[in-house]
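For reference, the structure discussed in these notes is given below.
As written, the chain order gives the labels A, B, C and D, with residue 1 at the start of each chain.
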Amino acid sequence: MVSLTIAGFLTLGIMSFVYKDNPVYKLCESIFIGVSAGYYFVSIFYQSLLPQLTDKIGITGELSDSALAYYRETGSLASPQWFNLIAAVLGVMMLLRLVPKIGWIARWPLAFVIGSTAGLRLIGELQTNIMAQIQKSILPLWDPQYIDGSLNMAASVGHSLTNIVMVAGILTGVVYFFFSKEHKGVFGGTAKVGIWFLMVTFGAAFGLTVMSRMSLLIGRLDFLLRDWLHLLG
Amino acid sequence: MRKLFLAALLSTFFLISFSFVSAQTPPAPVTNLTAKDTPSDKGAQVDLSWTASPDEQRAENPVIGYQLLVALSSDSPFVAVGKADAGASGATAKDGLKNDQSYYFKVRAYAADSSFSESEVAGPATPTGQWWNTQPNYIWIFVGMVMLVGFILYNIRKAGKEELYIRPIAGINAIDEGIGRATEMGKPILYICGLGDAAQAATIAAFSVLGRVAQKVAQYQSRLIVPCYDPIVFSICQDVVKGAYLNAGRPEAYNEKDVFFVTQDQFPYMAAVNGIMLREKPATNFYIGQFYAESLMLAETGFQAGSIQIAGTDQLIQMSFFIVACDFTLIGEEMYAASAYLSKEPEQIGSIKGQDWGKVVFASLSLLGVVSALLEHKIGFFEMLKKVLLAE
Amino acid sequence: MRKEIPLAIMLVTGVFMAVQFFVPHEIPSLIYTNLNKTVQVVGAVALVLGIVSILSIHLAKIGKKQPGFGYSYFLIVFFVLMASSGFLPKSLNLGSFLGHGGNEEGSFFLNMYNYVLNPVQSTMFALLAFFIASAAYRAFRARSIIATLLLLTAIIVMLGRVPIGPAIFGDWIAELADWIMAVPNAGAKRAIIVGVGMGILSLSLKMVLGIERAWLGGGR
Amino acid sequence: MGFFEKMRQIDRRWIFLAVGVAIILPFFFYIGLPIKVTPEVKVLYDSVERLKPGDVVFFAPEYDPGTIPELQPMCHAFLRQCFSKGIKIVAVCLFQLGPAQAEQDLTLIAKEYNQKYGVDYVYLGYKPYPETVILNMGEDFRKSFPKDYYGNLVDTLPMMRNLKNYSDTKMIISINATSGADYWIRSAHGRYNIPLGLGVTAVMATDYYTYLQSGQLFALVGGMKGAAEMEQLVGLEGKKYNRATARMDIQNFAHLVIIFFVILGNVAYFATWGKK
């Protein structure tokens, strides 16, 4: 009960900025940030740093098949442990940032992080986003539907229309994202249709999110009114 | 080795006991058994393939499954190494196999009453790990990568020689205006790199835009506030802003305390940023990067504080919020192009042109597929293209 | 050298990460997992820098008696309470607040998480609904064709997805909402995804090759 | 300043108040508008109905307290349907913030139907790096989970003796609040080709319709509405079993009030057109 009251006070305090910035908000904000920074400081130390540096089994805690076989046989790991050392060294370089004169050395671990991210994304995007989308975009514009062996005109037109709209959405959208050609004439018209499609997508996303956020609020109120205050049967 | 022997002993024992139990005719064995190292794998696996036992089809006591057996030489005892269902004409043996060791294989066809028969021995096969993945879809991804990278690099080279056109984007033009507005009003600019970590592409885009923004801010002599969510992102942001001030020739104007870490926690972070907005009343807010549920609360508070707001993200749902609540939104690829636009360096413009070539190829492949799908009955081109693209 | 070495590191790690995708052999995948581990370690260490940053800012505020410096006391006190309660071992019992060990049941640390951080966060998450309402009111204006399209789709989806929509307008509105979700929505989304893909690919390439080096201090 | 001019610049605190009232009031007046069941939810119910008692379903409830209102009713309705038909459940939760929640849900509903742990259902628990775990479980559950959530060796649980991997289960159902849903599609369905059904929040549903269309998912339950449809299909009487249905009623008013404000905003906007 006490904790709920504290939580309630903090929530109200933080939400009070809606009214205007006020001392209570400033107080709650400071407490909230202090607690959270402290919490993450401790938990990242225990959950990330410590296990990573002392971890004997590798990052996932799962061994590859042959590494597992090797482990069973010899009781030691094939995985190169000197990586822990590299990680530790890069970590220390990061800390050197606090020393003004040699702080620039911290760019090495940062380069390491950005470099590996960039390399990974380079190929990841190509695989999951570009190539896979081509496959999904090939739809027959005329899609005959057969019901009991005979061509059903209404269903065929419906399916075909669906495919046509879909293909139009993809192609006009791609045209909209064209940067090196002026949006004029037919090209400009196509790009305009593309932005219409984009807006329909955003509208739909917004509508669905309204639904989801409202569900959350309702769920929370349901809990408060029913389980906490017992106002509902 | 001892384990292998023990298992062999056990299986021999079962073999004997089964042969006592099953009085019925055992099924016909599988034929044409071959064993080959699994291609494009990390090793320790062998692919087996065979012609199924004809007795899968017989009405009485049909074959219900296969057991894969392995041994170190063709005459040493065989142990189980996997199974396959009836109807299969191949399987991968992998339990306990080691790289660079030769193995021999047999397949045992089991009938419903547990009677069985064994195939001829196949092998030797030596599992090894490959250094290049030759599966068709990997080859296609590689081809795609070489092509797109080629497009971008070619255009970057070409851009040095001739001027390339890029169309104006409202959101990007607004960035300059936003910085100018802050200078006129004498108020700071707030830049949020989102809640992503440095391993997210959107965050990297946020760094590059921040670099351009910071350089302009330094030139115009206004103030830039960058509260950060992720510690690595925070360190990089410090470097970015410091470097930009240096570039602009005003390193002394860089204030380390204006690029700071808050906490790695969604709502406390949001509370802090809201506080900054209400107190500092920034003239312009930038939200570039990865955003989650907090996006709308930030944008609404920014509106309340009277700031011009420019957002960019590649998250569809947050894009919709930003489009509704912000003054300008960079949609998806526009955010990734923003840095190149702002830099106005020919190389950067060239890379944008390269991206466009990629889109032309994408659109033409889709169109080609669509057209051939339309002519499906006339020519088999669609089937071919589909095979190529789906890497079947 | 201050620029060249980081650029070289980026080139090597970037090319390695891209190429390892095509190599099924075990050794690159071992290096790959370990690179990931290294990134995590660097991140964890960077947090120390973050903490130094936040503390130094607030200590400076207090030192200079800047406006609102009183609140900085609270921030620092609660941070220190949390951190010390989390780090000090249980054996060092320093009273009811400190030294209960990190995840010990009933410790100050865990209580603060369970009863302060967690409930406040989920409540605030629920309160986002109000902000959606105010954004819809002030910004959903049919001031152009595209704004109208956005607005209409949102309304159709909102009506079509709850029972009252079909109850008032008939089933077509639910079907229309479903169709919008499944067809034009899916189509345009693919266009966005392809564009984002191209953008990321190009940006990553420029990063790896050192063409985009804003983070190292811009320009050439 | 005219009325519409004032309306345009209305303080948003009034909007907040109106939304609050519009949501709290309906809690006290239940209307019960009919909820139309969509085919993508019906197919999930039907395929569970077609199973025989003793069949095993692989279940992955992966959500945190933040998404309870939408996903918990879904999860409960599904479990009730399974347990009432004697269908067995193997569950995991590969989302860091969810394991305790999943355990609570399983135990609660299992108790309702007197299901015995280890015989009628098993909860394997949590392991980090979901994609690796999903791939490994396709070979053998024991590879990632030699022990269950409670620390029992998996092979000591009677139900697990004949269960090696996904292929010994009839379908995978994941009720998911995270991008982890992609892993199930990519790695569980993509690699091992087991029928996959997904329950997600309304926001996520947009993203997953494509997969339904391409056949990578056989069923998709989206948001509180999907949960209400499940409750309707399972068809139990009583408020306790129909929480999503009751909340859906309130959701109606929430949407109406937003639409009301959009219209009001536009009326004010056009009425003051040009009078800046």
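Basically, contacts are C-beta pairs under 8 Å (C-beta built on N, C-alpha and C of every residue); 3 or more make two chains touch, one makes a residue touch a chain.
None of the values given here were measured: they were computed from a predicted structure.
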item	value
Contact-richer chain pair (by C-beta pairs counted) among A-C and A-B	A-C
Chain centroid nearest the full-protein CA centroid	A
Intercentroid distance (Cα basis), subunit C paired with subunit A, Å	8
Separation of mean Cα positions, subunit B and subunit A [Å, integer]	13
Centre-to-centre distance between subunit D and subunit A (centres being mean Cα positions), rounded to whole Å	19
Residues of subunit B whose C-beta touches two or more other chains	42-43, 141, 145, 148, 198-199, 201, 204, 232, 235-236, 239, 262-265, 267-268, 279, 300, 316-317, 319, 321, 323-324, 331-333, 337, 352, 355, 358-359, 362
Interface hub residues of subunit A, defined as touching at least two other chains	14, 18, 26, 29, 32-33, 35-37, 39-40, 44, 59-60, 64, 66, 94, 97, 107, 110, 113-114, 117-118, 120-123, 125-127, 130, 133, 136-137, 167, 170-171, 174, 177, 198-199, 201-206, 208-211, 214, 216-217, 219-220
Residue numbers of subunit D (touch at least two other chains)	12, 16, 23, 66, 202-203, 205-207, 210, 223, 225, 251, 254-255, 258
Interface residues, subunit A side, partner subunit C - complex	3-4, 6-7, 10-11, 14-15, 18, 26-27, 29-46, 48-49, 52-53, 55, 58-60, 64, 66-67, 78-80, 83-84, 86-88, 90-92, 94-95, 97-98, 104, 107-127, 129-130, 133, 136-137, 162, 165-174, 176-177, 194-211, 213-214, 216-217, 219-220
Parts of subunit A lying in touch with subunit D, wherever the complex brings them together	18-19, 59-62, 136, 204-205, 208-212, 214-222, 225, 232-233
In the complex with subunit C, residue positions of subunit B that touch it	40-43, 129-133, 138, 141-142, 145, 148-149, 152-153, 156, 197-199, 201, 204-205, 207-208, 210-212, 215, 228, 230-232, 234-236, 239-240, 242-244, 246-247, 257, 260-268, 270, 279, 293, 296-297, 299-300, 303, 314, 316, 319, 321, 323-325, 331-333, 335-337, 339, 343, 347-348, 351-352, 354-355, 358-359, 362
Of subunit C, residues touching subunit A in the complex	2, 5-7, 9-18, 21, 26, 29-31, 33-49, 51-52, 54, 68, 71-72, 74-83, 86-87, 102, 109, 111-117, 119-120, 122-130, 132, 136, 145-147, 149-158, 161-162, 177, 179-198, 200-201, 203-205, 207-208, 215-216
Parts of subunit A lying in touch with subunit B, wherever the complex brings them together	14, 17, 20-21, 25-26, 28-29, 32-33, 35-37, 39-40, 44, 64-66, 69, 94, 97, 106-107, 110, 113-114, 117-118, 120-123, 125-127, 130-131, 133-135, 137-142, 167, 170-171, 174-175, 177-183, 198-199, 201-203, 205-206, 209
